[in-house]
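Letters A, B, C and D name the chains as they come in the text, with residue numbers starting at 1 for each one.
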Amino acid sequence: MKNTVYKDCRLTMKENENHKTIIKIGEINIGEDFLMIAGPCSVEEEDIMFRISEELVKNGVRFLRAGAYKPRTSPYSFQGLGEKGIAILEKIKNKTGLKIVTEVLDEYSFDKVDQVADILQIGSRNMANFSLLKRVGKQKKPVLLKRGMSATLSEYLMAAEYIMNEGNPNVILCERGIRTFDNHCRNTLDIAAVPSLKKLTHLPVIVDPSHAAGERDLVIPLSKAAIAIGADGLIIETHLIPAESWSDADQAISVSQLGEILDFIHAQSLNKPFKKIKKIA
Amino acid sequence: MKNTVYKDCRLTMKENENHKTIIKIGEINIGEDFLMIAGPCSVEEEDIMFRISEELVKNGVRFLRAGAYKPRTSPYSFQGLGEKGIAILEKIKNKTGLKIVTEVLDEYSFDKVDQVADILQIGSRNMANFSLLKRVGKQKKPVLLKRGMSATLSEYLMAAEYIMNEGNPNVILCERGIRTFDNHCRNTLDIAAVPSLKKLTHLPVIVDPSHAAGERDLVIPLSKAAIAIGADGLIIETHLIPAESWSDADQAISVSQLGEILDFIHAQSLNKPFKKIKKIA
Amino acid sequence: MKNTVYKDCRLTMKENENHKTIIKIGEINIGEDFLMIAGPCSVEEEDIMFRISEELVKNGVRFLRAGAYKPRTSPYSFQGLGEKGIAILEKIKNKTGLKIVTEVLDEYSFDKVDQVADILQIGSRNMANFSLLKRVGKQKKPVLLKRGMSATLSEYLMAAEYIMNEGNPNVILCERGIRTFDNHCRNTLDIAAVPSLKKLTHLPVIVDPSHAAGERDLVIPLSKAAIAIGADGLIIETHLIPAESWSDADQAISVSQLGEILDFIHAQSLNKPFKKIKKIA
Amino acid sequence: MKNTVYKDCRLTMKENENHKTIIKIGEINIGEDFLMIAGPCSVEEEDIMFRISEELVKNGVRFLRAGAYKPRTSPYSFQGLGEKGIAILEKIKNKTGLKIVTEVLDEYSFDKVDQVADILQIGSRNMANFSLLKRVGKQKKPVLLKRGMSATLSEYLMAAEYIMNEGNPNVILCERGIRTFDNHCRNTLDIAAVPSLKKLTHLPVIVDPSHAAGERDLVIPLSKAAIAIGADGLIIETHLIPAESWSDADQAISVSQLGEILDFIHAQSLNKPFKKIKKIA
């Protein structure tokens, strides 16, 4: 890793070994406490959303992921429930206290998403959508910025610079798999990106094992690897009946599978303060 | 190439061997006549822009490329002249008759760019910016859609479907190099994408050798390969004094180097109607 | 993962969930006990080799890696001590009881390497050297077969089939990083290959974090990820004074850094029988 | 392209702009005359081999490719006719005067292959089989060295250094496609490698469009691109009845399709002396 590659990184670079950004949401200090985000790919009907949410709460999860506006490869695929989805997320937020992590796609839907989101997610395809980066940089909510599918770490950090340079220091990075020749997974999880990024930047770094895996069976092992390597959190597609998910059904896991990951986090607890994720007895 | 991959492509697929979209701009029939687009990476000062444009006209080139709004990896790099650049392009368009090909980055600058562009360019980074694709699909000007750096052909064609599905059938595809392990070029020109695309789709397919090459010396040979393989056109970064280009200086070629490419096009003329590019005696 | 891709895999495929190959060497049952292999990239002078070996033994490591014949990108680089290296390995083996893991490059040096090796290593560059695969298939010592730098899992398993089809069932697989666009590491560790392979095959699967990392600082985190994801072992470049290694100096770790990895293995001991690696009180 | 990458290249680098290695075989000066090599993937039955060879001779082709020993991904696939194939190649060589280009896989079959080959081919999988490179470096026949599937240009040139450093200066380089995320072809033809290599080295550089394409329809366009970009030759899988080829049937072309490529070469003849390929009236 030649440092010259990162010479334009002004705001993202660590100043010293202990320099880290802590982002406080509710009682969770992201960057310090383990950040567990779970939920379905898309917002689905209110009833199933409530049942998933209740299960998450029972397991100590405090952040719900679900997309109301979905970026889909095909214009003919389901594009998300839109405003109706936002309304469902609002109800859940109010009743369960779950914090909402949801994707913002563009200027058109910005205000709708902003109305409910606690963390604004920028997806992989938009990592270099500089207008959108500047837009989320002009407000104060934390931004979960996914790595682009073929972005180098320096390009990725420059995307974070776009956000921070507008005045928003609260960026959470997320490794989610890169595009390689390899075809046994949907994308190749670049697990080494976690320690490489943490060596360079003070920003929190989490992992999305679901989009890398592309299949359910790999999500638990990839999650364990991410926890062991020192990721600051995970974002996992989770459903009550995974095979019936409206989108990304192949890679969603069940709440009980999520439990196995939570147990692994607890088992590592000597190394990291996971206290905020606890089972309700 | 398994056809199932392309099963969602409704509007882009060829119906028969001879099915092709012809896009008429001035006296050029894109898809039939060779489309040569040349000019600097960014719009620069009015004086140099006029001198470049005059040289292009003298050589029979009818399309000028130059960005007023530039997507740059770093927020600290030059971001284009913006409105001032648009004004310069308008003057050139009015005085020289050159058609303008320029990039549209987002909703904010859409109207400005639209005011002067004859062809709206969508850059590689925005190939999967679906909101932007729908936006350019809602108007009628031809769209030059560059392939994303790690897009498969089916993802690329689905991006074209986003535009066409909104009502704009005038999409020009452009292979510009993909991201691979290889480092002797800026990107690996996937030259085989040209015949692969032309076998699948009725849309015109052109090549950008400049962004693949990343260095001047490779632009001429890559251009010749593109012409020989049957590309419908080229878009080439060209400058009067290439090394002084405001951006992408390493890969810009001179007008006299462009002449070598034009000569090669003329020499192949038995196979393809290049008559619209002619030297002014 | 479409099963048709693996249709030619006759000997490597799991017959049922519990099917696994156990390879017994001394008191270690590879595939069941954690296989820790450590040592320098190349065999170096006798004195330093003995000192490294003693430290490994003290820490409970039972397998020494070190190459006497080295495949080097440049013909002008150090190519290994050759026969002199073999003689040093023999002395160490006799005095310390360490088992020897060393690379076999070709027919010419086969007998020399065979004289001392307990496990014959086939390097990444030779994964598709089918003559060499058949050669090691015709004898009975276990073979550590590294994945090729751009091999898919089906190609990798077919390489194992070449060995097994000659009569040697004792193949150990090893993920060591693949070649991608990414440049923050020497190679991209495809950590998901571990569970993907273990789902398909009954063969043991270990990880080489050193060649993936290319730099010392990443070896510990990558090792932890490999352990957590369920690898059957690790092969790690380790030296007394890493920066003075004769080859791969950037990625070698110290014996005390190795200790941190061993501690992590012990800490996970509820899940896997690591009893054979123990600290000498 | 940073020159430091090539600092270990002692024998392959150009000393000046006009430095080029010319390899004389019969009346062809490789590096000056266009080198056209055609024929089936594997040596097949004598009768069909003679019929293919006669067609090649009629079209002015002077080099026959065909493998007697085949490196196959699966040990259960056809591995070539071996000695019987060598005997067939010898008869053809004696009766038709065609020069033979055939692959040498290992030490075991070296003498057999050497008996008939005019050019020894090293396949992609063996590009970094350094023992084999040294072996062909110790004799004087020209070596056709294919680029490894994931080799950078510096690694590729270092492989040529291995051969040349043993005393054989007659190395012919061959771009044949690299492994990338892209799946519309078997491999991504890195067409820019031709001018990049020719800028660096004095060695001839040819192209194998067949293995890049993986399908018949792309072979002609890729060949034209290779010719236009300045390749010193082509090696093309050609058969009388392509679909009945014993191996690589999908990518073989017919002799009449080869004719279209030969015509294109003739049409470019002002730029390059193709006189040695001529149609027999």
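The definition used in the following text is that a contact is a pair of C-beta atoms (placed from the backbone, for glycine too) under 8 Å apart; a residue touches a chain by one contact, two chains touch by 3 or more.
As the structure is a computational prediction, the values presented were derived from the model and not from experiment.
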item	value
Each chain counted as touching chain A and chain B at once	C, D
Most widely separated chain from chain A, with each centre as the mean of CA atoms	D
Chain C-chain D separation of Cα centroids, rounded to whole Å	35
Centroid spacing, where centroids are CA-atom means, of chain B and chain C in whole angstrom	49
Multi-chain contact sites of chain D, meaning residues that touch two or more partners	150, 179-181
Touch list for chain C against partner chain B, complex	150, 179-181
Residues of chain D defined as touching chain B within the complex	1, 150, 152-153, 178, 180-185, 188-196, 199, 212-213, 215, 217-218, 221-222, 224-230, 264
Chain A residues touching chain B - in the complex, by the definition given at the top	8, 10, 71-77, 105-108, 125-126, 128-132, 134, 149-150, 155, 158, 161-162, 165, 179
